[in-house]
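Both complexes below contain subunit A, partnered by subunit B and then by subunit C.
Let's look at the complex of A and B:
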C-alpha cells in the first residue's frame, strides 16, 4: 500500500520537474483496481505461476526486512537471506513473461539479469564494509549501531559509501539511467509487453513492494532505521525522492555501458571508503 | 424522474459495473496508432501545456496494456490490416477514438484508391474527433466525453464488435481482398 502511494507521489514529483500538475496521489490505486477488474489474456499456465511466484518471492523478502526495528518474527533481518530471496522475485517474473512468447519479453529479462549481475557486486561490497564494522549480518543490529542522533548515522560517517549505494539502488529500482529493462520506446516495456489486465496489476503491486523493501534496506543501512513507523516511512520517502529526481532528469544508458559504469564508479568509491576506514 | 434515470442505469449496467466504471474512466491508457498524420498533435497534449496525466490518461507501449485505441488520421488499406490485428489483441473493455476528419469520411483522401473512408465500418469507433487537425482542446473534450460515456455505460463498442462480427468481417474482407499483394508484401499475409 505504502509502495503504491510512493509511486503515485513520485509521479507528481516527476510532473512538477517537467512543469506539469501531475495526476492525483491516489492515481496508482485507481490503475491497479482497474487492471484487476479487467479481462486478462494468458498464453500458458506458467504465466500465472510466474506472476504469483514473483509476488510471493517479494513478500517473503519483505518479511525479513525490519521496519523501524519491527519484524514479524525474530529473525534479526538476515541480510544474505534478503539478497537471496530478492532474486526469486526476478526469477519468477522471468519465468512468467518468457512463457508469453513475445521476443521483447526475454530481451527485457536478459537486460534485467545482466544489470543484476552488475549491481550486486558493489552492493555486496557495501555490506562487507558494514558487516566487518558491526560484526553481524543482521540489519536490525546495523540499524541499532547508528542510534543516538543525526551524527551517528552512516550517511554522515561514510558519505562515499552512501553515494555508491545510491547509484546501486537506482539500478535496483530500475529508474533512469538504469531503466534498460523496461525501456518503453526501445523494447516496448520489456517484460511487461504481453501482460494485460490482472497480470499487469500484479506486476504493479510487485513493483510497489520492491520499491518499499529497497528503500527500507537503504534506511536501515544509512539512516539509522527509525524510532517509529512514521519517521521510518518519511526517511524511505526521502530516499525514493532522491531516486525519482535523478530519474526525471537522466537519459538511459546502453546495457553494456550501464554494467561497466556500475562495476567501476560505485565499486571504486566503496574501495576508497574501505581504505579510509581500515587504514585510519 | 429520478427513478426513471435509475431504471435506465440498471438496464445498462449492474451496480458492480457502475463502481468499476468509475475506476475505468479515471485511468484511461492510450495506444497511439499514428501512421497517418496527427502524431505531432499529441505531444503538446501530454506535456506541460495541457498535461493529460491530470486525468490519469497516459501513453502505453503495447496493445495488451492499453484501454483506448487512438487512430489518428487516414487509414490506408495496408495499415487497416495491422489496425484490425492490433484491435483484436486488446483485452476488453476496449475503446476506439477516431481522430481527425479522415477517419469519419475520408477527409481530403475521399477519392483516394487506397485509403478507406469510414473507419466505423471496419472497427467499432466509440467517439470521433472532427477537424483537420483537431486542436488539443478538442482532444481533451473528446476524452471528457468518453469518460462520461464510460460512466454511463454507453461506450460499448467492443460489444457491438462481438454482436455484429459477421458484418465487420464482411466489410474487412471486401477491402482487404480487393487488392492483391501490396507493395511487395508476402502473399500468404493476405489470407
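Let's look at the complex of A and C:
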C-alpha cells in the first residue's frame, strides 16, 4: 500500500521536475484496481505460476525487513535470507514473462540479471562492512547500532558507503540511469511487454512491494531505523525521492557500461570506506 | 551381518556376470544393478552407528618392506559418502531402466558396478594400497562409460582419462613418500604421524600434502584442472552424467577431508595469514577462483550439459573453499553443500537426460518451450535450479548460507564478496538454461513429437523434488545424522530440526518457508479473486489479428536464446581470451612433437639417433657394471 502511494507521489515529483502537473497521488491505486478488474489473456499456466511466485516471494521478503524495529516474528531481519528470498521473487517474475513467449521479455530479463550481477557485488560489500562492525547479520541490530540522534546515523559516519549504496539502490529499483530492463523505447517495456490486465496489476503490486522493502533496507542501514512507523515511512519516502529525482533527469546507460560503472565507482567508494574503517 | 569386503566382491562378480552373460538383456542387468544398490543401502543403514567396526582378511603380503593386511574400517566420513553413492545410484537405476533406447550402450551396467565396488573400497579401506587400486579403477571404469566405445568421443574422454591418470600418479607418488617416511601404509595412523610431522617440521610434510591436495583437486575439477569436467559431461551417456556430476566430483572432496584437512587444520605450524595457514588460505582462494571462473565460462555456454558441468565445478569451488577454512562451521557447511549438491545436481542432470531422451538434443539454441509438453520435468528442473542458485527455501540455500557464515566468522570479507559474484552469476546462467530449454516459444517439431517421459523415469524426479524441498525446510534431517561425522572434526553441537546456527546469525528455515507459503497464498488470493482470464495461443499477439503464416512468422523466429548474455560476455572477453585451454593445447602440441621425435628413433632404422641411443644405453649399462 505504502509502495503504491510512493509510486503515485513519485509520478507527481517526476511531473513537477518536467514542468507538468501530474496525476493525483491516488492514481496508482486506481490503476491497479482497474487492471485487476479487467479480463486478461494468458498463454500458459506457467505465466500464472510465475506471477504468483513473484508476488509471494516479494511479500515474504517484505515480512522479514524490520519496520522501525518491529517484526512479526523475532527473526531479527536476517539479511542473507532477505537477499535470497527476494531472488525467488525475481525468478518467478522472470519465469512468468519467459512463458509469455515474447522475445522482448527474456531480453529485458537478461539485462535485468546482468545488472543484478553488477549491483549485488557493491551491495554485498556494504552489507559486509556493517556485519563486520556489528558482528551480526541482523538488520534490527544494524539499525539499533545507530540510536541516539542524527550524528550516530550511518549516513553521517560512513558517507562514502552511503553514496555507493544510493547508486546501488538506484540500480536495484531499475530507475534511470539503470532502467535497461524496462527501456520502453528499445525493447517495448521488456518484461512487461506481454502482460495485460491482472498480470500487469500484479506486476505493479510487485514493483510497489519491491520499492517498499528496498527503501526499508536503506533506512535500516543508513538512517537509524526510525522511532515509530511514521518517521520510518517518512525516511523511506526521503530515500525514494532521491531516487526519483535522479531518475527524472538522467539518460540511460548501455547495459555493459552500466555494469562497468557499478563495478568501478561504487565499488571503489565502498573499498575506500572499508579501508578507512579498518585502518582507523 | 554381511561384511564390506563381501559387498565389494559381490559388485565385482555382478559386473562380470552382466558383462559376460547378460549383454543381450539390458533391462535385466539394470534390474540386477538396482537390486544390488538397494541391498547396499540396506547393509549400510545397518552399519550406521557401528563406528570403528573393523574387518580384515586372512591375507598378508609384503609391499617393499611393509607387511600389509587389507582391511576395512567403518568411519562416519566414508559411511556418508558411500551411502550417498549407493542411494543416488539406486535412484538413477530407475531412470536408466526407462532410458534404455537402442542407442543406449550395453556397457554401462558392468562398469558402473565396478565403480561402485571401487568407491566402497576407497571409502572404507584402512590402507593406502587399496585406496590407490580403488582410485585407479574409478578412473578407467568411468572412462569406459564416458567413451562408450565411440570413436568420436575419444578425444573428450581421453582428456578426462588423462587428468585422472595424473591424479592417480600424484597419489601414488605421495603414498610412496608416506610409505618411506613412516614405514606403514595405514591411513589413520599415518594421519596422526603426519599431524605430528607437520607440527614439528612443516617443510617435510609440505610436498606430500601438496601432491595429495593436487591429486584430489584434479578429481573435483578445481581451476586450472576444470577443463575435463565439461568435456566428460558432454560425451558421457545422458543417464550417467548425474553420477559424474553428483558423485564423481565429490571423490576429491572425500580425499581432502580424509587426509589433508585434518592435518592442515590441526597440525600445520608454518606461516599463517589472516589467522589461517598459508597452505589452507591459498587453496581456499583457489576454490573461490574456481567458482568465479566457472561462472564466467558458463555465461556464454550453449550446450546444456556443459553449462551444468560448469555449474558443478563452481559448486565444487564453494565446497573446497569451505572445507579449507578448517573451522567446524566451514567443514559442516562444505559437507552439507556436498551432499545437497549430490541431490540437486543429479536431479538437474536427470531432467536434462529426460530432454535428451525426448528430443535427442543438448544444444540449448535448438530447444525452447519444452515446459508446455513436459510439465513434471520442468517442475523438477525449476526446483533444481532454485536449489542450485542457493535461493530460499530449497536445500541449496541452507548450505550456502552456512558457507557465508563460515567465511564471515573467519573475517574473510573479500572471499565473501567473490562468492556473492559466483552465486549471483549462478542465477544468471541457470535462468538462461531454464528459459532456453523450457520456456519461450516451442519449436514446431517438438510441438508435434515431444511428450512427458514415462513414469519409471519420473520416479527419481519426484523423489528428488521431495528431498530438495524437505531438506530445505528441515535441514536437521540431514544434519542430525551427520553429528557423529562432525564429531570427528571437533564439533559437538546438537542440531535442531529447522534452526541452523551460524557465526553471525541463525536461520529458522521452517519459519521462512511458512512465511513464503503465506506470501504465495496472499498472491494467489489476489490473482484468483480478481477478474477472469481467457487463454489465447502465443502467436496471436504478433500480427495484430492477421494470419501469422501469411506474414511468415513462425515460433522459431520468436525464441530468443542465442547470445543471451552477450554484454556480460563481452565484458569478460579479456579474461576469456587467455584461457587455460589454449595453454593445455599448446602443451599437448609440444608433447606430440616430442613423442613423434622419440618414435622416429625407434621406427626409422636409417636414423643415426637409433644407433646413438643404443650406444648411450650400452655406455650406461657398462658404467653400472664397472
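What we mean here is this: the second predicted complex is superposed on the first by the 280 of 280 C-alpha atoms of A that agree within 3 Å, B and C clash if a C-alpha of one lies under 4 Å from a C-alpha of the other, contacts with A are read in each partner's own complex, and residues count from 1 in each chain.
In the analysis below, a residue touches a chain if its C-beta (ideal position, glycine included) is under 8 Å from a C-beta of that chain, and two chains touch if they have at least 3 such contacts.
As the structure is a computational prediction, the values presented were derived from the model and not from experiment.
Participant: Once chain A of both complexes is superposed, is A:63 in touch with subunit B (first), subunit C (second), both, or neither?
Facilitator: After superposition on chain A, A:63 lies in contact with subunit C alone.
Participant: By the touch definition at the top of the document, which applies to A:197: first (subunit B), second (subunit C), both, or neither?
Facilitator: In the superposition, A:197 touches subunit B and subunit C alike.
Participant: Determine, under the contact definition given at the top, whether A:230 touches first (subunit B), second (subunit C), both, or neither.
Facilitator: neither
Participant: Let me test your reading of the model: by the given contact rule, A:31 touches which partner, first (subunit B), second (subunit C), both or neither?
Facilitator: first
Participant: State whether subunit B or subunit C is in contact with more residues of subunit A in the superposed arrangement.
Facilitator: Subunit A has more residues touched by C than by the other partner.
Participant: With both complexes superposed on chain A, which partner does A:41 reach: first (subunit B), second (subunit C), both or neither?
Facilitator: After superposing on A, A:41 lies in contact with both subunit B and subunit C.
Participant: So, A:55: does it touch subunit B (first), subunit C (second), both, or neither?
Facilitator: The answer is second: A:55 touches subunit C but not subunit B.
Participant: Taking the stated contact definition, name every residue in subunit A that is touched by subunit B in one complex and by subunit C in the other, in rising order.
Facilitator: 37-41, 194, 197
Participant: Quick check on the complex: what are the subunit A residues that touch subunit C?
Facilitator: Going through subunit A, the ones touching subunit C are 36-44, 46, 48, 51-60, 63-64, 73, 75-76, 78, 80-81, 84-85, 87-88, 91, 94-95, 98-103, 106-107, 109-111, 113-114, 116-117, 120-121, 124-125, 128, 131-132, 135-138, 194, 197-198, 201-202, 205, 254-256, 259-260, 274.
Participant: For the complex, which residues does subunit C have touching subunit A?
Facilitator: It comes out as residues 369, 371-372, 378, 382, 386, 389-393, 397, 401, 404-405, 408, 411, 413, 416-417, 420-421, 424-425, 427-428, 431-432, 434-435, 439-441, 502, 504-505, 507-508, 511-512, 515-524, 526-527, 530-538, 541, 555, 558-560, 564-565, 567-568, 570-571.
Participant: Help me check something: in the complex, which residues belonging to subunit B touch subunit A?
Facilitator: Touch list, subunit B to subunit A: 20, 23-24, 26-27, 47-48, 51, 53-56, 60-62, 64-65, 89-93.
Participant: Write out the stretch or stretches of subunit A touching subunit B in their complex.
Facilitator: Per the touch definition, subunit A meets subunit B at residues 11, 15, 18-24, 27, 30-31, 33-34, 37-41, 184-185, 188-189, 192-197, 200.
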